[in-house]
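Chain IDs A, B, C and D follow the sequence of writing; residue 1 opens each chain.
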Amino acid sequence: MSFEPKILGIACNWCTYTGADLAGTTRLQYPQNLRVVRVMCSSRINPSFIFRAFQLGADGVLIGGCHPGDCHYNTGNLYARRRLAVTKKILEFSGLEPGRFRVEWISASEGNKFAEVVTEFTAQIKSLGPQTKFKISQ
Amino acid sequence: MTISFKQIEEKLKTEAKRLLESGQASVVLAYGKGYDEKHPMPYVARNPSDVANIVFNEYCNYNMARYLVRYPAGTKIAVAVKAADSRAVIQLIQEEKVKREDLVLLGIPVYGMKNPKTQEIIDGKTTGGLYNPVLYDILLGDEVHGQAIQSPYDVLAAYELMDKEARFAFWKKEFDKCIRCYACRKACPMCYCDPCFIDQNKPKWGDKSPQSHGNLMYHLTRFHHLAGRCIDCGECSRACPVDIPLYLFHKKVAKECEEMFGQAAGMSIEDKPALVNFRVDDSDKILE
Amino acid sequence: MSRIGVFVCHCGLNIAKTVRVSELAEFAATLPDVVVAKDYKFMCSTPGQEMIVNDIKQHKLDRIIVTACSPLMHEQTFRKVLTASGLNQYLLTIVNIREQVSWVTHDIEEGTAKAKALLNGAVYRSRLLVPLTSRVIDVNPNVMVVGGGIAGIQAALELANTGKKVYLVEKNSTIGGHMAQFDKTFPTLDCSACILTPKMDAVLQHKNITMMTSCEVSEVKGFVGNFDITVRQKARYVDHSKCNACLACTEKCPGKGISEWDESLVKRKAIYIPFPQAVPQKPIIDKESCTFFKKGKCRLCEKACEQKAIDFEQQDTFVQVKVGAVILATGFDLMDTKPLVQYGYGKYPGVYNALEVERLFNSAGPTGGKVTLRDGSEPKSIAILHCIGSRDKNNHEHCSRVCCMYSLKFAHLFKEKTSADVYHFYIDMRAAGKGYEEFYNRIIEEDVKFIRGKGARVAQSADEPGRLVVEAEDTITGKFIKLPVDMVVLSPAIVPRADARDIARLFNLSTDKQGFFMERHPKLAPLSTMSEGIFIAGVCQSPKDIPDTVAQAYGAAAEALTIVVRDKMELEATTAMVNPASCCGCQNCVRVCPYGAPSYNAEKKVSEINEALCKGCGLCASVCPSSAIIARHFTNDQVLAEMEGLMEF
Amino acid sequence: MSQAVTPYLEMSQAIMEAGGEALKKCYQCGTCTGTCPWTPITHFNIRKLVRYGQLGLDGIEEFMWGCSTCKFCVDRCPRGVEIIDVVTAIRNVYSGGGMLPQSLRSFVGSMSARGNPWSGDQAKRNDWAKEKYPLYSADKEYLFWTCCTVCYDPRNVRLAKATAEILNQSGLSWGLPSVDVNCCGESLKKVGDLELFERLKSNNLDCFKSQGVAKIITVSPHCLSSFKKDYGEDYEILHFAELIAKLMKEGKLTPKKDFGGVKVTYHDPCYLGRHSGVYDAPRDVLKAIPGLDFVEMERSREQSMCCGGGGGGLWMEKMKGERLSDLRIEEALATGAKILATSCPYCITMFEDSVRTLNADDQIQIKDVTELVLESLEINIDEPVADTCAL
């Protein structure tokens, strides 16, 4: 059987989650490997959530927020951009494949972008294979 | 030019005495004798008579800024600061943990400080590449000039070149050694949370016993908490009983932060800590 | 131990087609703390809801999971079901297996597997949910309307008629807005002044409306139900409480300023009212053109004023206004077309923008309603260029929506008032509105020429000095047209007010890509914003015509009323709070909060959050190093548990 | 004749796959056609070309060669359609089917056989230099990239020499490429031969790499644009006009000769201006030369008119009355200028041709900015120069 990765998504309520809904409403097809946690704003995402997700066995983590400047809380994603950038650098220096973590700005009207990103990211994670470095073995 | 540690010690004593006598400071944070010359101790002088106990030598690595947050607001504190230590003070001022006007900074321009465990000279490794304090009120000696400037990030080169498998193996080995004594956060001037996130029960971020996954969670999160704040004094690594080179990871994060946000920690009291700040024109490239 | 009920919806075949719903319900029953698991055709229908109510009672359920469509769709519906059954509404969890599962796959295996994982995450999260209490606050019954154009006027009148007190803030010295500049309105061609001025007068006369002209909002504090707004009253140099509007002063004034009202086509006095039907009818002094302010001598107006109303010493003052809700109706600007050098606006006197032409048509305008060029002659040939700066990646991507129709109106008025040939250069003709297509037909019959091709360039004629040549391709014949004309009318993009972003910042609104105010939801909440209690109406939200603007004004008034009609109101409970025992006093939360909700208590050395200001974004919780901040309903342990559940399958 | 057609979407798809992706964005407003300098004087219709491409209609071959890739339409297009990419893709798809016009066949043939468009002997590429100037080696700072046109075209050889002399004067360390290089391929790409273009490009890149080239000076804006857009990001590329302006600013070059008030105007080459955004440098240079009375033409800078030489136009025959260069000369004459300066060998070739056919060669001279600088430095390179008409 081919490798079916588990991908954790964390999406902001106002843009990316709504964009994901739009992808559904317009019946776009994308791989089913992504499971999305809804938070109110991408700025809610604590870096430890991401470390934890990899420990829980996520093969990839995809974060979605509003485009910079369009945040429903004005500036939340501008803080998130910095904080998530640092998170990415930390993962990278610890030896995790940088391609396993991705941040995308997807607005409520970008259902197609959501589907494209998920498709592309899933393919990328498949090519990276299972994530074993952080995963806590039972 | 060579550094006369004795001369610095004398000046430290003189200034400490003057400040305590005049009431300009009610405590002086400096160094005192330990069980041998290689192991001086952090020392707090409260009375002019205490000043005789003050010492300074090449093993006085402690970052005395660590102790500033222990005193009630408004306490007038004089503190001996080397280059990295002064950056810690600046960072604490940025974070509004201490007020500039409550402090007298006794700046120590110095090089050739040594790690008592290894006898290794720490210049360029854990001094942020600086010899002179960034901020001071009184300078105990002449500014150091002409000493080779070393980039604080040079020591990273070998680790950056490692492929990700080797780097993961390296850090896994290091983090697996951790016995969770928390000496690193005790020694760190910027770790003033009480309780620390890892001590929380709700939520439980990671296992509290020394297991690999809890260790990983503790260290990676701590690196994030210190991102844009770590001033490269190296105290975490010297405090570590199992010799985890934490300073390397902190340095890497500091380097990335400096490149991404154009600001190094503790260089100006006008700055805002980089991770609770943003610029509208921060590039999305930083996420790539 | 909690007692969870899981209710799986088929949504007809919408879900059931690609998720095996009964298998999902059987799976749910095996999960920890799940007491009941059922599937049903339409969970949101009355029988579906009743099923949940009955099960809550029968099985003493204390957590409900509805596995159905997006929470953005029916969360409120099911929350009400919980409330009706005596359960706290925050104990509901929605699992989105329609928009994010069944609709995005054709494979029933994949769909069922993903739905299971999502449901498992929801069960884990659900176990950690806690009841939350909405906060109740007193509501100030007054409303502020910002912007005195047709939208603001209409909204103010509606609210005032219900007995609410309204503050109408306008930055100009008169209300009326752009609509008061027009002569006729499309498609009915009724006279703009005839329908607008009675409304302006009604505002003036209304006992419940405080009209604040020459005023700007300078600070906004507080929150829904209790806004505390500072308004800057700009110095008018005329004491309006003394002025009796005799306007003797304006006759004597020697000063000359450029008439903003007439789009700089003519001059006006330095002490003036912008146009004869202005409301209020009381003048202001323009410092820039006033002889006394420039030279220190004159004071002719002062001498002419029997009421002693002239006050050269007057300063800006600040007025505090307390209201429960705010309507923003700040309108639009026209794009400055000077940078589009190919059209020669500002370079050739024969090139006009749309608002200038509106003034030329207006009988109270600079030419008394006669269409004449700047040299006084009547144009014999006129080109109207559509989409100047609109629908244009290099300028503004949006369609400005009303230009097609007002351009048609221009053509009609040109035909009526001159004997000129009129040409339209257009890309697409957009006439979607009641009576609009009919109007288009009428204009075609008036023998206006339509050239399907965007105007590419306006140049000076080489053969006939003083005339202009419009160059474009007629894409229908594929021919290159060089059309000599006397007058070119540009229909420029409608853009947000130059200060729209400042206003957005003041009221904590987002703006869209173009800079128009962002509505809460493009379809279901077009007049509300992300800031509770702040509503928007008219073109400040996006370009629209007068009927739509007025409809929005009514709507926004009703929206505002839903707040101020109540004495007390409930706020969303999903705010953040500080656990003082864990707070390390780092003040990160204070530094980052866009709403100023957290503050530092220096005495206790901990941060505190004013929940009335908190919008629940959770930023503070993620920057809190010691995990002392609890983002209610999205707490760290709730998110971690959900993640754990999601990753298990 | 029936007017019935069926859209042939496979063709449209082929165009998109050849790099004309942008064509689907077009909403046919005609801004491009209204802007295109060819529309008033020829039957070429750029909008229709895109339209035919969108539907994959037959008959596209009739007018696909009209575009000189001046980029005016691209800058004005409200949809942001990269029209030049569309043109290139269409030419690529169709010329693959052997539909090259006669006049371009020798051009492409020479490129393929000799690596330059002028049927020049590759071994003689540097013959113009008569071994007076250094060859590039790794220790040199700048590679002076001699465009094929300045190597082989007798009129433009003057430009090559002027550049080399000024480089010598400036004290920079520089050298010429060896004869192994070939044409940058810019015009070849625009006539649609993407495959041959890739071959030329990879040969040039190999030469650059083997010699350690980092900084390149070009005299032709076409090479400039090609290197910048298609040759990757490893090179620092400067047009010579930019370098002269910089050297003059730094005081390393000081013009001496006073021209005594002669009126000069400047033509913005499309590839230096709109394609590369360089407008000020050549003007700064002209204004710094003593005694030149600089005047602008009505259409200048971003609004500048095309000479017709881009996109393969230099090698195509155009009827009288259908030549942009003729119109441009008339515009220059209207300013009263005695010198029409420019900074592109293609423009020079086109204009030299036009002044002759218009019998205006006694009224206005065509000069490269570089040549004027050389003259003001009072360096004489005069040798008998062959007549351009002999080409």
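Here are some notes:
Keep in mind that, in the parts below, contacts are C-beta pairs under 8 Å (C-beta built on N, C-alpha and C of every residue); 3 or more make two chains touch, one makes a residue touch a chain.
These figures come from a predicted structure and were not determined experimentally.
Among the other chains, D has the CA centre that is most remote from the centre of chain B. More inter-chain C-beta contacts link the pair A-C than the other of A-C and B-C. In whole angstrom, the spacing between the mean C-alpha positions of chain C and chain D is 49.
In whole angstrom, the spacing between the mean C-alpha positions of chain A and chain C is 31.
For this pair, chain B with chain C, the centres built from the Cα atoms lie 50 Å apart. Touching of two or more other chains is recorded for no residue of chain D. Multi-chain contact residues of chain B, defined as those touching 2 or more other chains: 197, 205, 275-277.
Shared interface positions of chain A, defined as residues touching 2 or more other chains, are 47, 52, 75, 79, 83.
If you sketch which chains touch which, the pattern fits none of the simple shapes: not an open path, not a single ring, not a star, and not all-to-all.
By the touch criterion stated above, chain A contacts chain B in their complex at residues 47-48, 51-52, 55, 68-69, 75, 78-79, 81-98, 102-103, 105, 133-134, 136.
Across the complex, chain C meets chain A through its residues 70-72, 96, 98-101, 103-107, 110-111, 113-114, 117-118, 121, 508, 510, 512-513, 518, 522, 530, 574, 592, 594, 615-619, 621-623, 631, 634, 636, 639-640, 642-644, 646-647.
For chain C in complex with chain B, the residues that touch the partner chain are 582, 584-588, 591-592, 600, 602, 623, 625-627, 635-637, 640. Residues of chain C touching chain D in their complex: 341-342, 387, 391-395, 427-428, 452-457, 471-475, 478, 480, 482.
Contact residues of chain D toward chain C in the complex are 27-31, 33-35, 39-40, 45, 47-48, 75-80, 303.
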